[in-house]
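Common to both upcoming complexes is chain A, partnered first by chain B, then by chain C.
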Partner chain A sequence: MSIVTVQLGQCGNQIGFEVFDVLFSDSYCSQGLCSKKENEAYQASCKERFFSEEENGVLAARAVLVDMEPKVINQTLSKAAQSGRWKYGQHACFCQKQGSGNNWAYGYSVHGPRHEESIMNLIQKQVEKCDSLSGFFIIMSMAGGTGSGLGAFVTQNLQDQYPNSLKMNQIIWPYGTGEVIVQNYNSILTLSHLYRSSDALLVHENDAIHKICVKRMNIKQISFSNINQVLAHQLGSIFQPTYSAEGSFHCRRNPLGDLMEDLVPHPEFKMLGVRNIPQMSENSLAYSTFTWAGLLKHLRQMLISNAKMEEGINWQVRPPLSGLPALGKMSFNKELHFNTSIANLVILRGKDAQSADLAGFKDPALYTSWLEPDNAFNVWKTQRAFNKYEKSAALVSNSQFLVKPLDVIVGKAWNMFASKAYIHQYTKFGIEEEDFLDSFTLLEQVITSYYNL
Partner chain B sequence: MGRRRRWVGQVAGTRAGALPEAIAALSRTLSAGPSPETFRRAKFDFPEAAPPLWRLLFYVLSPLSEDDIAASLTPEARVRLVKSAMRAQGYPRLAFSRLPEDGSQGSRELLLALSWLLARGPLLERLLARTRVRLGDEMPVCECEDLPCGRASPGPPTLCKDTEGCVDVRHVQWLMGKLRFRWRNLICSHQAQCALLSKIHEYTLGCHSDQSLNHLSAAETELLRDPEGGQQLLQMLEFENMRLEAALEWRRLEQVFWQWMDTVLGACPPDFPHAGSQSTFLPSIPDPGAGELDLVARELQALQVELREAVEVRRAAWEAQVRGLRPERSAEMRALKEAVGRELATLQQAWEREGGPVRPHRPHRLVRSEAGALPGQGLWAAEAIGALRNKEACLEAVLCWLQGQCQQELARLAGALPGVIWIPPHGR
Partner chain C sequence: MTQSVVVQVGQCGNQIGCCFWDLALREHAAVNQKGIYDEAISSFFRNVDTRVIGDGGSISKGKIRSLKARAVLIDMEEGVVNEILQGPLRDVFDSKQLITDVSGSGNNWAVGHNVFGSLYQEQILEKLRKSAEQCDCLQCFFIIHSMGGGTGSGLGTFLLKVLKDEFPEVYRFVTSVYPSGEDDVITSPYNSILAMKELNEHADCVLPIDNQSLFDIISKIDVIVNSGKLGKTVKPKSLVTSSARALKNRQEKPFDAMNNIVANLLLNLTSSARFEGSLNMDLNEISMNLVPFPQLHYLVSSLTPLYTLADVNIPPRRLDQMFSDAFSKDHQLIQADPKHSLYLACALMVRGNVQISDLRRNIERLKPSLQFVSWNQEGWKTSLCSVPPVGHSHSLLALANNTCVKPTFVELRERFMRLYKKKAHLHHYLQVEGMEESSFTEAVSSLSALIQEYNQLDATKSMPVQDFPRLSIAM
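And then the complex of A and B:
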């Protein structure tokens, strides 16, 4: 089944390009370390999911590019064309001359309604190219104007027009140090609107990825392109084909649907985070070997101690002993040490993945009391190596990992709101104080729900 | 069964050996039925006849083909499923529901249950239809035929959880969400299937030897792609022919079977259906349309009674207490009357639609054709869609009503807890 990607704003378009590039280069990479037949099935599955074949045989990404300024879209298009391997469809872009000036309300209430028809028509065209549509993957930032405001608007429209298709929003959490003064306002508006219209929010924190670039990739001067490549690697490791079942060599038909069924059935818990292991520069990769036991031990500790990468893990954190109340359940204001999960999905790619032992993730102490590990833990596997890593594991987790940053953002936004700072910038375009209050209520509820796991 | 028995009474002097033949025909019709010897043993309640008969009943009652789920179920689960399916169909014998769950005993009861199913409805026809070789692309126009069977078999029964221990509502919400995703997944798959069928039909336009069909179905196209499959298809058709012949044979001989069943019934101790604390069974009505009508009628009646009572109480209260405020009250009264009128009208419409023209029930072969190209036979997609829309509207009306009831109940509960603020759930 196919997924239509919607790239919104500067951030969405830059990331979208890297994602398609990773998907393509991994599919056609010669170092898959598996049989020819298996490799062909892998390629075919990836192609059906993310690319359509044009008449001349060139693959075109199943994507729609939307931005209010032409610069980034033009760059993205030409980068794809230069790759010479895949491209974007001819009529897949929508851009305008004037941006949203980091004002969420402008993206949501002005650009959205004004260009609704054109954007939805482009999406419709991509949908018609799919024999079977699984859903939408919407890439956008959380704190800006166009990506976040227009992104929320488009997601809502998708929900109205394609209620049965799945919607996953990939959102980029802003740097804690802040790029934009109103980023907290924009963030709470984005999150609260997406919580109403999207099925899952896959969150990447700029801070975390930045650290991975510094510590693991050994990059001295980090550009957005570096960050986006790490991010694209993580996304690719989720969505590239895996076996449909234990012992089967067929590819999973509908990974988006399966992922959502595994992780986000509960309407109050929709926030997903991704962790990957190993992550390192290509140079170091050549001199490293890994065992599944070692990788999974680290990955598990990254999960329960809420570490973003395999470096600097706090090994002191232990699951609460059964019979005693979990730390996370104790007090509201107490610092969260142990990261309680609702549900986890581990994806293993590479040599001997079949034989890896995942018992460590099936410990009931890792999960909330109202879900059994049988219900809360799933694993997908493939022997096919991903993106030149002989062995790699990805963990998609619905857990408390974002509750603290969310709490901080909501708190900062509330303080600004209480002194009515910058509110007129929003009311000017039709986002009223009432809308802010609704957003606060909804997110407070989400925070409470996650704290009380 | 009374009807059958009267027929049997008229048949006299059947030749010896007819009974085993009749049972053998029945077994062949059921494709995997046990031997006549098993039936004979079951008459005397021998335990060795029980396991094959449990298997047979499971096959007869499960909504899916046997291979799909039988493998994943333990014998105990199968026994439970058979029992609950029989209960849902309204089978009244207490002795049957008390059979041990290990499936080791009660062959006579099982024989009686099977005969009850046979005597009661078009069981064989349904089973034969279920395993029919399908060459054309088919579309069920109306799911109501599947309903009794679906109701009877709610899937593998889960182990009964201790209802005393509290269930976290979040767990229920989680399961509900899973169900929603699966439902959406199903709809997407269905749409994908329709799109692909349409492609096949367009590409193969003019290929079919049958003028009225004009294009190939998916199965026929597959045969072209893979000629090896033809052999397999031939085998399947031969097998189906055999079963159909067996069914005819059974029709010819079944009276002997019913005669024999009388002796089986005579041999078993009487059952007291009302003894003990067994809950009453809901008799299922073979025609689901009538069942739904009945339901609507009951709901209408209950609603009328409820409304009448409410109106009377209010009227009495008003007249007694607030004579000075008449104009205001009368407006309220009018509004109330209008609301009642509207609701009645909706229900009456639903009723009328239910009793409307007879809708097509059988599955139909999907054929693409130009407007007017087909003679009068068959069913147009527009008609089918119309019928389904009607059904959808009815179901939606019922859903709305039920949701209203739930909301009222929730509001009542919330009102009873003064310290609690009620925030409706977001999303979905």
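And then the complex of A and C:
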């Protein structure tokens, strides 16, 4: 089944390019470390999911590019074309002349309705090229105007127009110290709207990825390109094919459906975080070997202690002994708080993945009591190595990962709202104080729900 | 991509404008090697085939034939505009986009605003409409003028109201040169305060500049260039004050150098909208992020570096120095000290080979020494444009919405009151039709209200940051 990607705004388009690039180069790379037949099944599955074939055999990404000003889309299209290996479809982009000015209200209330028909038509064309649609993957940032505001509008439209298809939104959380001054307003408006219309929110924080680049990837002068490539690697390790129940020559058919089923049991809880291991620069890869036991031990501790990367993991945090309440139930002051999960999915790629022992993740103490650990924890596997990593593991988690950052953003937005600063910029385009209050209320609810796990 | 139209009014406005167009051409020539008319150039220039009789057919694509500035030149004396039209840039201006008169405004705001305003209203509208029609998607009007005289100040601000009524969707960014302490125009305080009222009400964003600061900057550059202390030579093209003319004429008039600084300001302000980068910032984002309340739209600007040394390797230390300098009071384009006042918001627009990590490192480093208002503790807006200015490998424009702009206004009001109390020169204004004493009292109270807003914000400076109680949810 296929996934149609919608890339929105500067961030969405820059990341989208890196995602398709890593999916393609991984698919066609020679270091798959598996049998030829397996490799072919992998390539075919990746192609079905993400690319359509044009007349001359060139692969075109199943993507729609949307931005309210032309510079980034032009750059993205030419970078893809330059690679000579894959490209974007010829009529896959929608562009305007004047951006959204970092104004969520402008993106949602002005650009949205004005360009609704054109954008939905483009998406429809991509959908028609799919034999069978798994759903939509929408890449956007929260901080700006187009990705955030227009992204929220488009997601709502997708819900109305394709009620039976799944929607997963990939959301980028901005750096804590400003990229955009009104980023907290834009963020709470985006999150509250998406919570009502999206099926799952896959979140990446710029701060976290930046630290990965600094500490793990050994990059001196980090650019957004570097950041986007790390992100793309994480996304690729989730979305590339894995074995289905039928065996190693069959790949899972419906990645989005499976993700939802495994991770989102309740609509009140749809915020997903991603961790992956190992994280290192390509140069260091050649000299490193790993065992599954080592990797999984670290990954489990990253989950429990809410570590964002492989370094500086707090090994003091332990799951509560069964029968006793969780240690430090997520209160503000305690350092040693334990990250409770609703559901977890681990994806293993590489040599001997079949033999990896995942018992540590099935410990009931990690989870809330609603689901049996057998249902709360799932694993996808493939022997086929990803992106030249002999062994790699990704964790997609519906847990308390994001509640603290969300709390911080809501707090800052609330303080600014209390002073009424910048509100005139939003009311000018039809987003009133009432709308802000509705958003705050919804998000406070989400925060409380997650804190009380 | 969008277009902008520059409206240059009065002697000061036109002289700065002229420097701006000169630099803009040089910048685009350096970037656009193939001579193709692209979207970046179209933001400020039209492509015209001058062989076509009549309106000069505009061409939207293909090779560059003849570039025409999207500009309207207005002056109530002919001298300055004539000099421009006879100078090296004469072909860049559309000779029909001018409005001139002979008698001048006599350094009288009322003459500029009321007399010439009504006299030329129709013509002004016509020229503006024409410029707008020639744009595919007009986003912004840049008005350049001085506050202390008669034409720039009076007619320039009259224009603002016309623009607001006629083109309500288009931004109005005003670059205003405020009179310095030793200004030689006696009535400049009157003109400035009367103009301020219009700026308060009709401008989206104002970039105040004063001559004293510009002069201090060029003096500092002179010292560095001539001292030879650093043991290295400064790249002449990299001076923020340089232009084609200055390179030839060693004993340049100081105004040329000073005007070039302002021209660079405007180029850097629009660079991220015109050229590509990893984190773009369009003009509509400036007002969205930097204007928290409609009346507080005065932005203090600083440009760094002022020059580049000739050695090619820029160690990170020097890059960090660029960021530090942006916050020092010596680099601001008005007499202001942002570090010791309160920030409402700050924008850093970086050009050239600078990445997000450099930006983040410097924000982290400088943040502790700056005070931000309680509800905007992380009030930073950042942009990264890949194309550096001519002669530099990187540059930074900092725009601050900061209470340090208050002393300029307070001093202006004091100078106004000194004159007004004695009713000095008042009759020159009152004899103009439509002017009454109330025009003056209203103008000064508008300014006082603005100063009061800044005072209230300053009062919050030393208070501890207080978190407002959040909504509590019943589970």
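The rule is short, and it goes like this: the second predicted complex is superposed on the first by the 439 of 453 C-alpha atoms of A that agree within 3 Å, B and C clash if a C-alpha of one lies under 4 Å from a C-alpha of the other, contacts with A are read in each partner's own complex, and residues count from 1 in each chain.
Here, a contact is a pair of C-beta atoms (placed from the backbone, for glycine too) under 8 Å apart; a residue touches a chain by one contact, two chains touch by 3 or more.
Please read all numbers here as calculations on a predicted model, not as lab measurements.
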Message: Clash or fit: chain B against chain C, after overlaying the two structures on chain A?
response: fit
Task: Please indicate which partner A:Thr441 is in contact with in the superposed arrangement: first for chain B, second for chain C, both, or neither.
output: both
Query: In the superposed arrangement, does A:Met1 touch chain B (first), chain C (second), both or neither?
result: first
- request: With the two complexes superposed on chain A, say which partner A:Asn164 touches: chain B (first), chain C (second), both, or neither.
  value: first
- prompt: For A:Tyr195, is the partner it touches chain B (first), chain C (second), both, or none of the two (neither)?
  reply: first
Task: For the superposed three-chain arrangement, provide the angle chain B-chain A-chain C between C-alpha centres, rounded in steps of 10 degrees.
output: 140
Query: Of the two partner chains, chain B (first) and chain C (second), which one does A:Ser132 touch, if any: first, second, both, or neither?
result: first
- prompt: Of the two partner chains, chain B (first) and chain C (second), which one does A:Leu371 touch, if any: first, second, both, or neither?
  reply: first
Task: Minimum C-alpha distance between chain B and chain C after superposition, to be given in whole Å.
output: 7
Field: Residues of chain A that lie at the interface with chain B and also at the interface with chain C
entry: 441, 445
- prompt: Taking the complex as given, what residues does chain C use to touch chain A?
  reply: 1-2, 39, 136-137, 139, 275-276, 278-280, 282, 284-285, 287-294, 344-345, 355-358, 360, 363-364, 367, 374-382, 384, 467-468, 470-473, 475
Message: Residue numbers of chain B touching chain A in their complex, please.
response: 168, 170-171, 173-178, 180-182, 184-185, 187-189, 191-192, 195-196, 199, 423, 425-428
Query: Any idea which chain A residues touch chain C in the complex?
result: 10, 14, 69-72, 75, 97-103, 145, 175-182, 210, 213-214, 221-225, 227, 410-412, 414-416, 418-422, 424-425, 440-441, 444-445, 448, 452
Field: Contact footprint of chain B on chain A as seen in their complex
entry: 1, 131-134, 164-166, 195-197, 199, 254, 257, 260-261, 264-268, 368-371, 375, 441-442, 445
